[in-house]
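One structure follows; several queries about it will come next.
Note that the chains are named A, B, C, D, E and F in the order they appear, and that numbering of residues resets to 1 at the start of each chain.
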Amino acid sequence: MFLRIEDFMDAAEVQAIAQLAAQVRFIDGRRSNPHNPTKSSAIGDSTDPAAQQASQIALTALQRSEAVKNFVFPRRMAVPNFARYEAGMKYGAHTDVAFMPLAPQPLRSDVSCTMFISDPSEYQGGELVISLGTELLRIKGRPGSAIFYPSTTIHEVAPVSSGVRLVMITFIESQIADQLQRDLLYTLGEVRALEGLKIDWQNRVHLEYVIANLHRMWAH
Amino acid sequence: MFLRIEDFMDAAEVQAIAQLAAQVRFIDGRRSNPHNPTKSSAIGDSTDPAAQQASQIALTALQRSEAVKNFVFPRRMAVPNFARYEAGMKYGAHTDVAFMPLAPQPLRSDVSCTMFISDPSEYQGGELVISLGTELLRIKGRPGSAIFYPSTTIHEVAPVSSGVRLVMITFIESQIADQLQRDLLYTLGEVRALEGLKIDWQNRVHLEYVIANLHRMWAH
Amino acid sequence: MFLRIEDFMDAAEVQAIAQLAAQVRFIDGRRSNPHNPTKSSAIGDSTDPAAQQASQIALTALQRSEAVKNFVFPRRMAVPNFARYEAGMKYGAHTDVAFMPLAPQPLRSDVSCTMFISDPSEYQGGELVISLGTELLRIKGRPGSAIFYPSTTIHEVAPVSSGVRLVMITFIESQIADQLQRDLLYTLGEVRALEGLKIDWQNRVHLEYVIANLHRMWAH
Amino acid sequence: MFLRIEDFMDAAEVQAIAQLAAQVRFIDGRRSNPHNPTKSSAIGDSTDPAAQQASQIALTALQRSEAVKNFVFPRRMAVPNFARYEAGMKYGAHTDVAFMPLAPQPLRSDVSCTMFISDPSEYQGGELVISLGTELLRIKGRPGSAIFYPSTTIHEVAPVSSGVRLVMITFIESQIADQLQRDLLYTLGEVRALEGLKIDWQNRVHLEYVIANLHRMWAH
Amino acid sequence: MFLRIEDFMDAAEVQAIAQLAAQVRFIDGRRSNPHNPTKSSAIGDSTDPAAQQASQIALTALQRSEAVKNFVFPRRMAVPNFARYEAGMKYGAHTDVAFMPLAPQPLRSDVSCTMFISDPSEYQGGELVISLGTELLRIKGRPGSAIFYPSTTIHEVAPVSSGVRLVMITFIESQIADQLQRDLLYTLGEVRALEGLKIDWQNRVHLEYVIANLHRMWAH
Amino acid sequence: MFLRIEDFMDAAEVQAIAQLAAQVRFIDGRRSNPHNPTKSSAIGDSTDPAAQQASQIALTALQRSEAVKNFVFPRRMAVPNFARYEAGMKYGAHTDVAFMPLAPQPLRSDVSCTMFISDPSEYQGGELVISLGTELLRIKGRPGSAIFYPSTTIHEVAPVSSGVRLVMITFIESQIADQLQRDLLYTLGEVRALEGLKIDWQNRVHLEYVIANLHRMWAH
């Protein structure tokens, strides 16, 4: 399932990140996936202090979001990083690798996240294209918005034909690895949040009973 | 989980069964579990037409009950049969066997059912005692009531010290083998039944979404 | 995952079904889901011989399709039926029920299928809209095409503002209930089909080993 | 499943805890579950050194108990805390939350534990009532006894009508989340402990083989 | 796990089958697996009455065997058939297909069975070679013996360099698809059979409790 | 599944370990399994610096091996230790315990490893015998070779009738507990490694898609 949050970061945060991007040292994106010949992009050098500052802003936004907490059931998050696509760049169809290096033990990528920084009017192409078999989702977000989607899919960044696409990306390990289970528990939590004060107390208790036990059953 | 239905059969049904019991040929209960030396009881001879008539009354009650349908998610039911305990008889601690012969293929016993025919005032002892580790549940039902309990437990019929305990028993294969999963789906169904007309339509749709998918996920 | 087959039925079949539709008795679509106030559509009366003839054409197409066999791993199929939406009709957001009546035992709906009969140019609106959280897929197929999608989703038919939308629909129980597992096995089967003659024999044997064992592990 | 241990703490430990309780600062019990309007109780302030001393005594008892080790398969334990119910207080029906804050990562509550400090003769009401569907277990323990029960249940503390009910409570994350799996492994371990020296060596090896592999299979 | 039964058929049965083999029409073994170029063998024509008579003898042996019942937990069996390897013939490394055609629905092959008819002294080569990664098991049985092994493995029949290897083979769908689960339940059943009369009654009841619930949990 | 690596350590490493063994203090092997009367062996004293030096050599070999990484999916490894069997010594049939003490939390033994130090020509008997039901694997490795096998099996070290058998052993917790799942993922990885550069890019992407998702699904 997909969650698009329109106001994930406010204008000041987006501006701060954009300005930091101007100072950051970018390196060849294939360093994070050297075996994929279809990848051409630039990524932030994570040892650069300006990149680290931007990562911190993004991380703060991730951690304060109730929507992320409810939808993702996050256990651990990778450090968000810059990805920049100039004209002619793209990232061909691929699946995010299952486990990513992160001390003290590898992080399982369950949910991928793209945070949009540059304005869609500033670049042509560059959609995040998510394959659902023969059907495709094409996503191009406004600055400050973010999209959370299952890391399990095959997806790509379509070629940028002009302008520059600047985003930050990260990967989240969820308490609940299975996508459908995660969505059912999220959905039940939303029902509780929206109806919990209106329904009879005993039914509320029963709803909590189901939620708590699904959470126990599925979290590992 | 346990479901006791007080008015599972009406007075006429109970009386009809009791009268049939007086005509039925009873045989040694150990025929259905020859390896258990702690069992002493009499069971109805299932080839006896009077026993078959009683079974049919009990089966009708099982099939018409909405509560049974919602709680048990029944797939198949064994033919209900008489069990009669006279003074001195008992059925020591045991677990119901996992698979019982039933054409065209064995029936997995997920839920056991005791339907009470004789009045508790007419016999001493004879409780259905269900072991939950160090704690016990002791159940002695009124005529016409029924108790549905997990076949997974160790349970016994306490010795009858006087009078006669007459019950009908059966075993049900559920769509959902796991007890907790079955109870969560039942509970969510009850919340929908009780609150479904009061909650917002969209939340109702979301509740249905969760129920349908848990049902798919767990039924096998 | 989604599979759209463009040439699922040929022109003659589509025409035959369209002509049968003109003779078929249609009934209120809420008969198949009386509790959903957002549903307004007409469905074919399955006792009408013309409807049965159309169902047979659709069934034949389903059974001959290699793509369906490979993608769905079908175990049982419900009888395809007509659904007709005239101007003003729609089917609001809903989840397909988990189990549908079908002798000798209920059919678990794992994959839903819409076969398009009327031409998209003949009606406004009427898209099949599938919810993927905040993102939506909107599907409107050419005559003779079919879309197979997970029954697990919340989906709707958008209101038809003019013209008539005529489709046939059915539901399939798969050997493999879990959507992701089904897609992984399908994908591996496609790799084998496309590369199987080119790869080294031993690697082919190893690929078969994985496919056969995933199939055993997941089919229930 | 339930485990009641009669001599979980000795008389000196119970007395020491009771004396510490007299010095401890108690706070409103709703702090640990602010959303439950049916809760009225007092809990120990965990920053109070006297409360910490009592917690340590309880923790020592938990860690030394072979019965707890065999029955619960504990991985981590929450710090035990006081709960005090004076006349008029109660804790309505609720389910323990699935995950509780505990550094470095949340603790999954699989098994709940109540350690009884005050004598049942000193208060009226106040039973721990555990719901098993329509059947209830009512538990009121002697000082020094403890009851371990699945955190998955709906349970309550019945209103105290007179006197004071003082207990310590804690929550344990087990290696084995599923209640029935945990009980099967416990039961097999008991058979090994009681029969292991009497049975043939080869059968002993086979029993160990089953136990070790169930443990591997279920612990996560 | 592997089960070799030395006296699976008696001398008269073996002789009867060998004599029937002399009359049976054999066909190219690749008919049952046309895509495997490494297969060269002859198989019995299942429409030949002599082949059917041999199948019946083998089926009778399978159905009467307590060892097979306890080890395999058979649900359905394919009709046993002849396989004959003359000098120069072999069946290269392969995995048995997951589902085999068998009315009314496909049979999942969980356990494969080879019943040896010809004497190992009568042919050179022709071992059943089962791959366990880098280690191999080589099996060549006496007439009347049978080997039951997981259908999940990669295995082959080594080239016959002289003489004729005549066997009958079949495939069994087990109640318990997972090999380790099946073996744990078998092993526990053996412990019960060997120690059940010697151990204390209560421990016997506990052992039955574990066995019945593992059986319920794993059979599907 | 089994993996035998012939050149796991080089001659210099084997020699270094053999020389360290001559200095190491050995203790009674039953210290690591005091309840098994069939065990008679000597194990290295892990507090002895020479033993620690040997452990380090073995650990280095384990960590550098690509084959181990691909086959075992190691998460954590126990410290390798010496086991020495002199004439008359053996280790009867046993299963490795499921969880072994190792800070900060117990290690689940999924894969057992024996590294051979002494030459098979130097001792009689002493095979590692792994039981697969009625069939046995007998393994006796050259110096510097290692065998990795499932900890789930019953296995033994056959009595040494003359000479000295010196090995190092360890236990590995895998990301993937289930043996068959681990082998399927390993096998698919091998196919990718061997065919990945030859197959069409899109099929390569599809293969990666399957591998990444199986890894996510099974690692816990």
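Convention: a contact is a pair of C-beta atoms (placed from the backbone, for glycine too) under 8 Å apart; a residue touches a chain by one contact, two chains touch by 3 or more.
As the structure is a prediction and not an experimental result, all values here were calculated from the model.
Common partners of chain A and chain F, by the touch rule above, are C, D.
If you average the CA atoms of chain A and of chain B, the two centres end up 50 Å from each other.
For the pair chain A and chain D, the distance between mean C-alpha positions equals 40 Å.
Each of residues 152, 178, 180, 206, 209, 213, 217, 220 in chain D touches at least two other chains. Taken as a graph of touching chains, this assembly fits none of the simple shapes: it is neither a line, a ring, a star nor a complete graph.
By the definition of touch given earlier, these chain pairs are in contact: A-B, A-C, A-D, A-F, B-C, B-D, B-E, C-E, C-F, D-E, D-F, E-F.
Contact residues of chain E toward chain D in the complex are 180, 184, 187-188, 190-191, 194-195, 198-200, 203, 206-207, 209-210, 213-214, 217.
Per the touch definition, chain E reaches chain C in the complex via residues 37-38, 92-99, 105, 108-110, 151-152, 154, 177-178, 220. Listed in rising order, the residues of chain F touching chain E in the complex are 1-4, 71, 132-135, 137, 139, 152, 178-180, 183. Listing the residues of chain C that touch chain E in their complex gives 75, 175, 201-202, 205-206, 208-209, 211-213, 215-217, 219-220.
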